[in-house]
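Shown next, in structure tokens, is the structure this report addresses.
Per-chain numbering from 1; labels A, B, C and D assigned in written order.
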Amino acid sequence: MAFTYHRRIHFSDTDAAGVVFFANVCSMCHEAYEASLIASGISLREFFNNSSCAIPIVESQSKFFYPLRCGDRVQISLTPQLISLTEFSIVYHLALMAEGAEADSSQPKRAAWVLTRHVAIEPTQRRRCPVPSNVLEWIDQWGEGPSEALTDENY
Amino acid sequence: MAFTYHRRIHFSDTDAAGVVFFANVCSMCHEAYEASLIASGISLREFFNNSSCAIPIVESQSKFFYPLRCGDRVQISLTPQLISLTEFSIVYHLALMAEGAEADSSQPKRAAWVLTRHVAIEPTQRRRCPVPSNVLEWIDQWGEGPSEALTDENY
Amino acid sequence: MAFTYHRRIHFSDTDAAGVVFFANVCSMCHEAYEASLIASGISLREFFNNSSCAIPIVESQSKFFYPLRCGDRVQISLTPQLISLTEFSIVYHLALMAEGAEADSSQPKRAAWVLTRHVAIEPTQRRRCPVPSNVLEWIDQWGEGPSEALTDENY
Amino acid sequence: MAFTYHRRIHFSDTDAAGVVFFANVCSMCHEAYEASLIASGISLREFFNNSSCAIPIVESQSKFFYPLRCGDRVQISLTPQLISLTEFSIVYHLALMAEGAEADSSQPKRAAWVLTRHVAIEPTQRRRCPVPSNVLEWIDQWGEGPSEALTDENY
């Protein structure tokens, strides 16, 4: 059910150590997030300019297992999960995909793991508001779902 | 014969004016350059770590005609041209592609024009060297070709 | 009279070739532009959110003379020039500064040259409008000035 | 004892929501890390090209409390801590500094918190190696120190 995004590592993603700069792994995950929203029929322009509800990232975590280099083919699997009526998280798994002669025999190599946490807010007052219905549908489409009925004490 | 690259505008490409930050247009063109090298069978890892010949960009020019926003679908057409035995240029045309109901009736909208000039050098001495043969083949494949036989007085 | 900005090369500016990625040179010049606006008492937040006049970059040119590496100390000299009542350009010279034992005896090394061209527009209609008065004062303060009285046939 | 780094928010740090893109907060923290190394007499060029010991980031965490906008003045306080003979972490606190008339009366506003974890490895084999002595001195200079004698079972 996870959304899958494929991406080459660009030269501009790398640093003088020859591998992807750590912060750019987070940018790549945000690209996958945007692609999954488009795949659910959400207009990015409306999503990121919504005057009644903004959904900023309030937390992120990353673990880096294997260095990625220019030209590497990466698969990003993305799974959103609703945390409360006003909040959701996304888990991303990045895998380095084998190519050419190795493509058949090799397994993808675990490269990184990223988590982002997102809170829906009403922009002028910066107070929590419910996650909009089209975003709930996006979570339903690609996510695992909560294990039980949600209540939101923060809301 | 030009190489064509398709790309969504990512949120990280934009700035607080709501449109793509001007320098990021150049980064996008470099992505198209990398994709064209891969399409010609060139390994990016070997290309950018070639100890006998590096090909730095020595000049770039950009013109911006129309602002690009997050989620926009862009087509980049790339045409390399050999300038001398040690030097080539690439011209990029960026067009904003219509979507949905407008896709059939609308023409792509000219968004930007970029030129980069690249010089082949031997890395340790930083002196000019001939453009490698696999890069000449890449120019042949996607380029317009020089209008006459080349001589290189700089070489 | 030029405005001068000093800047270390950050690790995130570099790419897998070990030197600053070409597009990032343009980003650095924009930082110098922002610093010069602040030095003239202009609020960046108001400048980049001005609802009656936006000043997008419509063209840029760059020449790269010497590669810059992580930790290098760079001086950017910036000179704006009014082109017409609705338009100005900025020229940037980037120099690599010597350090430590070499600081006294060595001359700065020319690293790059950049030009940007900016057009004042009224944002909703995207039609040209006069360069605002506080920006004219900024041009007076750091610029060379036009060699003769301006007329603007485009306006 | 923490190292302190001051930085303006650049236009290129922001995104179309008008605030700093979340991943760019991590890049800013890495700038502070580089500045602290220079302040301890460490050459960045040698540090990031050390053929006997590389120190990649293996994990990062970020919390975002307050949005940062173009032109904002930010203070980053950095505190390294040795975790084992082969590993250290850095904690960064980002605060938005008041300016002008508010500078005297206003407290800095907590904007973000970032943690990075770094492991020393021997680059060819990618096996753990001891944190180099000049990096231990840097930790001593800016850090809080471990609360007890270190042993390293991983080493």
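What we mean here is this: a contact is a pair of C-beta atoms (placed from the backbone, for glycine too) under 8 Å apart; a residue touches a chain by one contact, two chains touch by 3 or more.
Note that the coordinates shown come from a computational prediction; the quantities given were computed from them, not determined experimentally.
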Exercise for the section: Determine whether chain A and chain D, two copies of the same sequence, contact each other through the same residue numbers or different ones, counting it as same when over half of the numbers at the interface appear on both sides. Expected result: same
Practice task
Could you quickly compare C-D and B-D and let me know which has more C-beta contacts?
Solution key: C-D
Exercise for the section: Measure off the straight-line distance from the CA centroid of chain B to the CA centroid of chain D, and report it in whole Å. Expected result: 35
Completion exercise
Between the Cα centroids of chain A and chain D the separation in whole angstrom comes to 24
Exercise for the section: Mind checking the centre-to-centre distance between chain C and chain D? Centres are C-alpha means, answer in whole Å. Expected result: 28
Practice task
Could you list the positions in chain D whose residues touch two or more of the other chains?
Solution key: 11-12, 16, 18-19, 21, 23, 27, 30, 48-49, 69-70
Handout entry: Contact set on chain C toward chain A in their complex
Key = 11-12, 14-16, 18-19, 21, 23, 69-70
Completion exercise
chain B partner, complex, touching residues on chain C are 16-17, 19, 21-24, 26-27, 30, 48-49, 54, 56-64, 67, 116
Handout entry: Residues of chain B defined as touching chain A within the complex
Key = 8, 10-12, 18, 27, 30-31, 34-35, 38, 43-45, 48-49, 69-71
